[in-house]
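Shown next, in structure tokens, is the structure this report addresses.
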Amino acid sequence: MTATGALEGRGLARRFGGVTAVSGVDVRIVPGRVTLVLGPNGAGKSTLVNCLTGVDQPSEGNVFLDGKDLTGKTSNRFAQLGVARTFQHARPFRGLTLAENVMVGAHGRTRAGFVRGTLRTPFARREEAELRQTASLLLAEVGLEGREAGSPNDLTLEEERRLELARCLAGNPHILLLDEPAAGLGEDEATALATLVRNLCVDHGLGVLLIEHHLELALSLSDSVLVLDFGKPIFEGTPTEARLDPAVRTAYIGAEGDQ
Amino acid sequence: MAIRRYLVALLALFLPLTLAGCGSSEGGSSGGGESGPIKIGAVLGISGRFAFVGKPQEQALKLAEEKINADGGIDGRKVQFVIYDDEVDETKTVPLVNRLISEDKVVAIIGPSITVPALAIQSVVDRAKIPNMTLTSKAIWEGSKDSYIFQTTPREEVEVKSILSFLANKVGAKSVGVIYDRQPYGTGNLAIIEKFAGDFGLKIVAKEGIESADTNADAQVARIKAAKPDAVILWVGDPGASSVAKAMQQAGLHIPMIGSSAIAGPTFAKLGGKAAEGVYSDSTYNTSNPPANQKEFLTQFAAKYGAPPTQFAGFAYDAAFALKGAIEKAGGKTDGESIRQGLLDMAPYKGVVATFDFTADNHNGIANGPLFYIIQVKDGAYKVVYDTRQQ
Amino acid sequence: MSILVNLMSVDYAQVLATGTTYGAIFGAIALGYHLIYVSSGMLNFALGEQLAISGLGVISLQAFGLPLIPAIMVALLVAGLFGAGYERIALRPAMRMGLIGPLIASVGVSIVIAQGRVLIWGPNPRPFPPFTGEPNQAVDFLGGRWQIQSFWIIGLVTLSTLCLLVFLRYTSLGRAWRATSQSPVGARLSGINPSLIAMSSVALASVLVTVAGIAIAPLVLAGGFYGLNFGVRAFAAAILGGFSSTGGVLVGGLVIGLLDAWLAAALSVAWSEIALYGLLILVLLIRPTGFFGREVVTRS
Amino acid sequence: MRRGAAWSSWLSPAVVLLLVVAFALTQGSFYRLQLGTLAGIYAIAVIGLTLLFGGAGQISLGHAGILGTSAFITANLTVSHGWTPLTAMVPAVAGATLMGLLLGWSALRTTGHYLALVTLAFGLMFSEFGRTVFSAGWYGVPPLTLGPLDLGDSQRMFVAVWAVVVASLVAVLLLVKSRFGRSLAALRDDPVAAAASGIDLARTKIAVFAIASALGGVSGWLFAMYQGSVTETSFSFMLSFNLLIMAVIGGLGSPLGAIVGSVFLVVVPEFGREYEDFRLLGYGVALLLVLGLLPGGIASVGRVLADLVLRRSGSATPAVSGK
């Protein structure tokens, strides 16, 4: 069911009315590698992620997963095919417990419908039990161990982000798009997160797209870099090349000064 | 925490029910017993869209209660009317009738005011063997020999035929347009008009639905006008009826219009103002020169409530006195069987609307002959202009 | 085929007369919905019932000896205070349930108004004289029969809309209202109290529908059962006009008024109601944001 | 939702059942049994609505049309075509569910106030249609019989209706804790994130409308036999709003609250029949009071009291945050 190939955007553009948020972007997220997307605020990074995950539809260009054209598909299709994402501002389900939040993330790969769920067939019970266990493990993995029954309303913004990461992982994705996962984290926590991302990538073979403002941390993590400015790609290459590129330095460091 | 929440919630759930029990148990003393007042129930559409029917009926029953008790009660016992408002919503009518039977312990039930709820309680009263004086013009009792339902209102076709004969013989109309209430009250009579119009040489060229509560009839009148009838029949209550009159005036459509007895009261003339002038209606009251059986009721009602009674008020008043006669005929016995037999056995009762002679085959008791006066609004009040009884 | 013929063979001049008159009223109520919705996100179903009782209020004030114009002024003042009051004690507290709360609370307010009306004025509606001329006096205009009162209605609704626009543009409260409708957060940051804006919106809307209610009373009686009927049509007008566009909801009112009049003339009244609701559903499904609404850009 | 969910989801149905049976056995009064039956019939529909409103954050202002569809089909088949009530249930509930599917399909195209208007227009269209085409209504719907068991008797009908209520309650309580229930909550809390988690919003919306409508269908079917007659007036716009009010004042999103709300709304207006003029006014005021003072509905009275007594602070009532 789950594909294993790369997620690829070709010639992507997105316009809102007269405003062009993204144009002419090609991007490829390959399993086992981290692709970093850099750019100042408003450069169109989140819009790009939205277009790549079906949350938003590109005005031009196509999105492929494992060579198959998924343009125009809704985001649940992407999720079911193993493409998971976090949001810049975490979006937990506030009426559910933490464990249930994570369990929702597994929706695409679980099967019990409302009939089996209501009748509590052996199949549904087994699936629920497994899922509950997975949720506990994942919560522990992101540092929320033992808080299965807690409410997202009691979490800090940063904890909400970690919860969202656990929710993503519950779906067993092979492509993960992380929209500023380390925003608001301290140095230590950011490093821990970096280790986690690296582990996922190397040990589990996930392809990761990362949007991040912790420049050094992000560069050290990534295998390739894409820099956007006013929606257009101004640089593509390795982290080492990116460090040296003058255009990147102006665009990026200029933006960093804003923060 | 969780347990407590559930328990309190459940308590909240059943508290109202238990309270409902306490609240009404004190009223449980039997109206059918040998002492205390005789209780007669009534379910009327006192509020809501048919308040123009139910409210005067409530007033008539209160007047009847006063009068009966002042004259020594029924067989020496006082009478008490227990009156509930069903808002002409049969979802409310059915439980209220059950409340009258099982909690208030009434010996008979008057009402409902309107056809739909009346039909809905048919099986309830028949099963409980409680005499029911229905106040609608539909002969609900027909077809069931053992029915406990009786009727003090003229049957639909009696009134319809009066109107049709007036239009054909007196107005000389050849074609009519009908504006009818979209509730069964109007649609039922529309069917009867359609059935008998041909007998009177009348052709129905347009029929338009309206609600009694409507206050704008421009569209209906425009369509009637387009069909060019000689006259208009109006089978709807107020304010719908007066809105039709106004719309006709505004549209410059000056042809004879006759309304059912629903508009034979002061409201139509008041709401219609100038537009109501010249409109006909039918009534069982001879307001110009009332005979003895009507005079007392008409004057006492007007004195008590400041306005003359409607037709509907008379139906309820007659129902109350018919029950009084039946209980007296039964020798004061108040079980359902005895009262029913009393209604069948008693001498013809000369009521306000008509003279009633209930038989096993005819629970209406009004002869199917002409019964109505045709009245017309002149200077803001109805005057009798024609007597269908004499044709 | 005959249905098609029926649909087309209609007295269009008369449709124009009736449709414009009632369309103006629908537009005024829709404008009330719009005022409240844009500034607070609340939907207020009580406006229809408020419209229905406004004529009764004027009649009672006249019974106290006030001449017509002062009676109307006092009625408008009372309506505004009443609106502000129930926003505070009924709609706002229900906000805690989310936006569905005020909607249900406004139904509660409608029930209170409708029942209070029966207690104060009794169950029967009352005739209300037209502002000028005889009752039901009509003139020929553009090929149709127009009631004299129709011109009053159209004129008054236009006038009060203009007053409202001037108010929103040139007063500080108006500017605050517009700021809030564009960006509630931004408005709060610049020191505007959004809850005060919401309260004054309901008050303004109440005054607006009361003007409309008094104007229409000579045609449909004061205190009839038309509150719901008008309220739903105005709701449709507001949706058709895109809810967030001031001009749009007025045009929406006119469109619904004309459509209503046309369908009623072409079909029977019963079928025209069914057709109207059917059309409404269809339009919403085909164009969910109405015809004048801005496309809502959702960003994550 | 907690670990103890297993027992607590069985506790309330069990207690409801117990109280119902006790009530049925001790009541000789037709009137009170009938009110109880009517409350139960509405409760079934309202339980469905809680799933729709509270569970999935969708709205329907035309639910009377759903109940009405089912009741019309039941009445037409039994009265005019001689079907037994039991066999009429299948097309009746299927018809209601079909209407629900259509409404659910509308919910794909419209949200928020627009969906409110679509459903409102549906409800109004239904009652206009009923008034125009079926104005005569149907009378003499036979009582329900299950083999030798005749449910025409008020007491038995009461118990039968409440058995269905309890079954619906159990089903919905189980449902909300299942995978499907979580997807409803996700849809309600954040549709964008729900979709990004792999939830098919379209299917979920259509399914929840279908389930709510199926329960509405059962309710309408029972109503036809309870009342014995079916006319459009029983399914007017006011019923839609009353059902909504029942769902809200009981406690939005709580199936138990649905039962509390239904009983409350059917029984409370019957008080003060002696003060006829003030009765409905009081009903409106009571509604506003509950809305203003008890955002969690009447079912939350216990929690509110406990909070007051124990002076608990902090996270007792989770803030409902928009967006």
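Per-chain residue numbering starts at 1, and chain names A, B, C and D are given in the order in which the chains are listed.
Everything that follows uses one rule, which is that contacts are C-beta pairs under 8 Å (C-beta built on N, C-alpha and C of every residue); 3 or more make two chains touch, one makes a residue touch a chain.
Quick caveat: nothing in here was measured; it's all calculated off a predicted structure.
*Asks:* Among the chains, which has its CA centre at the largest distance from subunit D's?
*Replies:* If we average the C-alpha coordinates per chain, A ends up farthest from subunit D.
*Asks:* Does C-D or B-C have more contacting C-beta pairs?
*Replies:* Higher contact count goes to C-D.
*Asks:* What whole-number Å value describes the gap between the mean CA coordinates of subunit A and subunit B?
*Replies:* 72
*Asks:* What whole-Å value do you get for the distance between subunit C and subunit D if each is reduced to the mean of its CA atoms?
*Replies:* 31
*Asks:* Taking each chain's centre as the mean position of its Cα atoms, how many Å separate subunit A from subunit C?
*Replies:* 47
*Asks:* Could you give the separation in Å between the centres of subunit B and subunit C, each centre being the mean of its C-alpha atoms?
*Replies:* The separation of the two C-alpha centroids amounts to 36 Å.
*Asks:* Enumerate the residues of subunit B that touch no fewer than two other chains.
*Replies:* 47, 182, 209
*Asks:* What are the residue numbers in subunit A that touch two or more other chains?
*Replies:* 55, 87, 91, in rising order.
*Asks:* At least two partner chains per residue is the criterion; list those residues in subunit C.
*Replies:* 118, 270, 300
*Asks:* Where on subunit C does subunit B make contact in their complex?
*Replies:* 11, 14, 18, 118, 123-127, 134-136, 138, 145, 147, 219-221, 224-226, 261, 264-265, 268-270, 272
*Asks:* Using the touch definition from the top, list the residues of subunit B that touch subunit C in their complex.
*Replies:* Subunit B residues touching subunit C: 47, 49, 51-52, 55, 182, 208-211, 213-216, 218-220, 222-223, 226, 238-239, 243, 246, 249-252, 267, 270-271, 273-275.
*Asks:* Once bound in the complex, which stretches of subunit D touch subunit B?
*Replies:* Within the complex, subunit D touches subunit B at residues 2, 4, 8, 11-12, 15-16, 19, 23, 27-32, 34-36, 38, 131-132, 135-137, 139-140, 227-229, 231, 233-234, 251, 256-257, 259-260, 263-264, 267-268, 270-271, 273, 276, 280, 298-303, 305-306.
*Asks:* Show me the residue ranges of subunit D that touch subunit C in the complex, using the header's touch definition.
*Replies:* By the definition above, subunit D touches subunit C via 53, 59, 106, 109-114, 116-118, 120-122, 124-125, 128-129, 131-132, 192, 237, 241, 244-245, 248, 252, 277-278, 280-281, 283-285, 287-288, 291-293, 295, 320, 322.
*Asks:* Using the touch rule from the top, collect the residues of subunit A that touch subunit D in their complex.
*Replies:* For subunit A paired with subunit D, touching residues are 53-55, 74-76, 78-80, 84-85, 87, 91-97, 100, 103-110, 112-114, 117-120, 124, 127-128, 131, 149, 151, 153-154, 167, 171.
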